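In the two complexes below, chain A is the common chain; its partner is chain B in one and chain C in the other.
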Partner chain A sequence: MLKAALAIARKDLSLALSGAQGLVQTVLLGLLLIFIMSLSREPGELSPPLAAAAVFWLATAFGQVLVFNFLYGLEEAEGARLGLLLSPAPAQAVWLGKALSGWVLLFCCQMVFAPAAVAFLGQTVAGSPLMGLAVVAAVDWGLCALGSLLGALSVGKSSRESLLTVILFPLLVPALLAGIRLLETVISGRGLEAVGAWTGTVVAFDAVFTAAALVLFPFLYTGEE
Partner chain B sequence: MIRLCALAFAAASIIAQYLIWFHAPVEQSMGVVQKIFYTHMPLAWWSTVSFFVNFVASILYLAKRRDAYSRLAGAAAELGVLFSGLALITGMCWARPIWNVWWTWDPRLTTTLVMWFVYAAYLLLRASDVGGQRQDTVLAVLGVVAFLDVPLVFISARYWRSIHPSVLGSQGGGMEPEMWLAVVANLVAMGLFWLALLAFRTRQLGTGAAVTALMRHGSIRN
Partner chain C sequence: MAQALVRLRRVCRFYGERAVLKNIDLELVPAQVTLVIGPNGAGKSTLLRLVAGLLPPSEGEVETELPPGGIGYLGHKTLIYPKLTARANLAFWQSMFGQPRDDDAVTAVLSRVGLAGFADEEAGVFSRGMSQRLSLARVFLTAPRLLLLDEPASGLDPASAVWLRREIRAVADAGASVAWVSHNIAADLAACDRVVRLDGHRVAYDGPAAGFDAAALAGEGVC
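So, the complex of A and B:
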């Protein structure tokens, strides 16, 4: 399964990065969101680290929806989804492949969002940037596990991509809250005592939705329209 | 069964209302506003039960592929959204005079609101044509995922901060026995109302599906 998943992820990444269409749209939307949110502060005034972290994850959440709509849209042309389903790989390999490629793409987008948030929201990073990368990577996996599962909603003739946002966002609340608090700690260098509890929440979220996706994905990703 | 539950609800609600207004004492610090609690708590409680029924019915649908389970899950989600929405409104009416705010960050409030959002989206999906032929499967998957999220939302919201009173905690919340009787009576009355509505709505959805099948194919399938 892992081999097939890696092949799907490699295929998705090469398609996403060669055209760059999906990635550019995601990056632009995220940058726009961060810029618009920066208008909420007076000139010269600094945004609190908590607000900056919240804006960063808001941009990520919207970006995630675009990324998974794009990734699942790749197989909608020329009946490629049926080809994927007919291949000897298990359906879970498709979920894992999409989750991995989504994870990489989202991480790339965040590497643009992060300096933009620092610049537009007037932040200085007091904590460890390495811890920041680890937090982003860990929270991203939870977002991508759920995003890849529910992204399969956007396949078929009767899909409506805008609905995915309404469904996905409330489900992401635990991961987003943890991400906001942990990133606030990285930016401000304070609140280290709560890192353990929030890390536990992120690990639980990642584990629950990875397990749920492995069980539930074959029900969602079928040849039906 | 629906009639029986409705009649039992009518009788139980008369008793429950009597217990609220004439038997349970007026709470010393909150005054008469505390009486909202006897409606608020059963609404919140039965909304959680609705979401659990949705979860179980969704698993059963995925396992057995019987339309009846999908209809039960749909009816439970509708009741869950209705009851949790009313629990939020009654909670706000209580919070305003007691906490001096309509809304505050609290694990229970936040969890209820997030669940309201999730299941409102579920109903939106149910009303749309998303998923096409596999819509029931899509909804069942969402029903399972949504309920798995409940404990995670609660834990993360609790880490954020909390001021909600733990009324049903191990200390009993400092309630008088008369108050407890009123709480239990209202829980039972609301439960009967919930059961009657759930059975009625499930049957109504079944009838609707049968009529649609008759119109489309000239036959009924279950």
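So, the complex of A and C:
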């Protein structure tokens, strides 16, 4: 399964990064969101770290929808989904492959969002950047595990695309709240031990939706139109 | 008779309230080419998708002796990635079918379908006929024991259609079972062992291709 998942992730990344398909829209949407939010503060005023973290994760959440619509759309153009389903790899390999490629793509977008948020929202990062990267990577995995699971809902009919956002956002709330709290802690330079419960939330979210996806994905990703 | 690779028992398929197939009993055996014919809307494509396991039956059972990955399918879409080169497309399907990366095998199958000179071109710029050839290359590369072809000659020129019939016959002679949906009955019949004719959502004929009277169907809009 891992080999097939890596083949799918490699193929998706090669398609996404050559010609930056899918990425440009996501980055532009996120930057626009950060810029618009920055207009809400007075000139010279600094946004609180909590607000900056919230804007960062909001941009990420919207970007995630575009990323997974793009990734699952790749299989629909010429019906490759049927080929994936007929391969000897389990359906979960598709979920994992998409989650991995989504994880990388989302991280690439965040590498643009982060400096933009620091610049436009007037932040000074007092904590360790490495800690920040670890927080982002951990929260991102949960977002991508869930995004890849629900991305399967958007295949087939275009009317289903709206389902992704409608179902995804309410389920994302715990991960986003935890991400906001943890990132605020990193920006303000406090230790993560002050927000241990939120760290637990991220770990639990990642574990629950990884397990749920492994069980549920074959029922969502089928050959039916 | 050889053991059936796939067996359909009293299979029905509905889309909502509308019946597409009713009480289908069918066995597909190795080394046999089965021509599936019938008027538009008779359920030919649905039948192939049921056999492939891509659709669950609404009623009845589909039993298979095949391991995962044992079925090759070519539908109305080509199942290729337009932004990848022909070679990259085939290399990807090699990985998905658990085969080791083998450029020589990819080159050989591209030569077999007449695309050796286009191996490093993006599949998106291919004509319909070339895309269909690439799709056939994908199917041949994975060497399936059961090959399901839904109008594989669509987009092919007459000479390529002749080539395709020869290839299909060769695949069956090598031991695979082929179920082949076609509207060009008069031309394709000679390459087949058996004919399954769907009409009124049921199997109207299931018997040997030799002696099947294709001319009699011409007036029914089947040919």
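Quick notes on this one:
By our rule, the second predicted complex is superposed on the first by the 218 of 225 C-alpha atoms of A that agree within 3 Å, B and C clash if a C-alpha of one lies under 4 Å from a C-alpha of the other, contacts with A are read in each partner's own complex, and residues count from 1 in each chain.
The working rule: a contact is a pair of C-beta atoms (placed from the backbone, for glycine too) under 8 Å apart; a residue touches a chain by one contact, two chains touch by 3 or more.
Quick caveat, the model's predicted, so the values are computed rather than measured.
Shared-chain residue A:Ala7: touches chain C; no touch with chain B. Counting the residues of chain A touched by each of chain B and chain C gives the higher count for B.
Judged by the touch definition given at the top, the superposed model places A:Arg181 against chain B, while chain C stays out of reach. In the overlay built on the shared chain, the residue A:Glu224 is in contact with chain B and with chain C. In the overlay built on the shared chain, the residue A:Ala126 is in contact with neither chain B nor chain C. Of the two partner chains, chain C is the only one that A:Ala80 touches; chain B does not reach it.
By the touch criterion defined above, A:Leu15 reaches chain C but does not reach chain B. Of the two partner chains, chain C is the only one that A:Pro88 touches; chain B does not reach it. Comparing the two complexes, residues 222, 224 of chain A contact chain B in one case and chain C in the other.
Chain A makes touch with chain B in their complex at residues 146, 149-150, 153, 156-160, 163, 166-167, 169-171, 173-174, 177-178, 181, 194, 197-198, 201, 204-205, 208-209, 212, 216, 219-220, 222, 224-225. Across the complex, chain A is touched by residues 49, 52-55, 67-69, 71-73, 75-84, 88, 92-93, 95-98, 131, 138 of chain C.
Chain A meets chain C in the complex at residues 3-4, 7-8, 11, 14-15, 18-19, 21, 74, 77-80, 82-89, 222-224. By the touch criterion given at the top, residues 62, 110, 114-115, 117-118, 121-122, 124-125, 128-134, 137-138, 140-142, 144-146, 148-149, 152-153, 155-157, 159-160 of chain B touch chain A in their complex.
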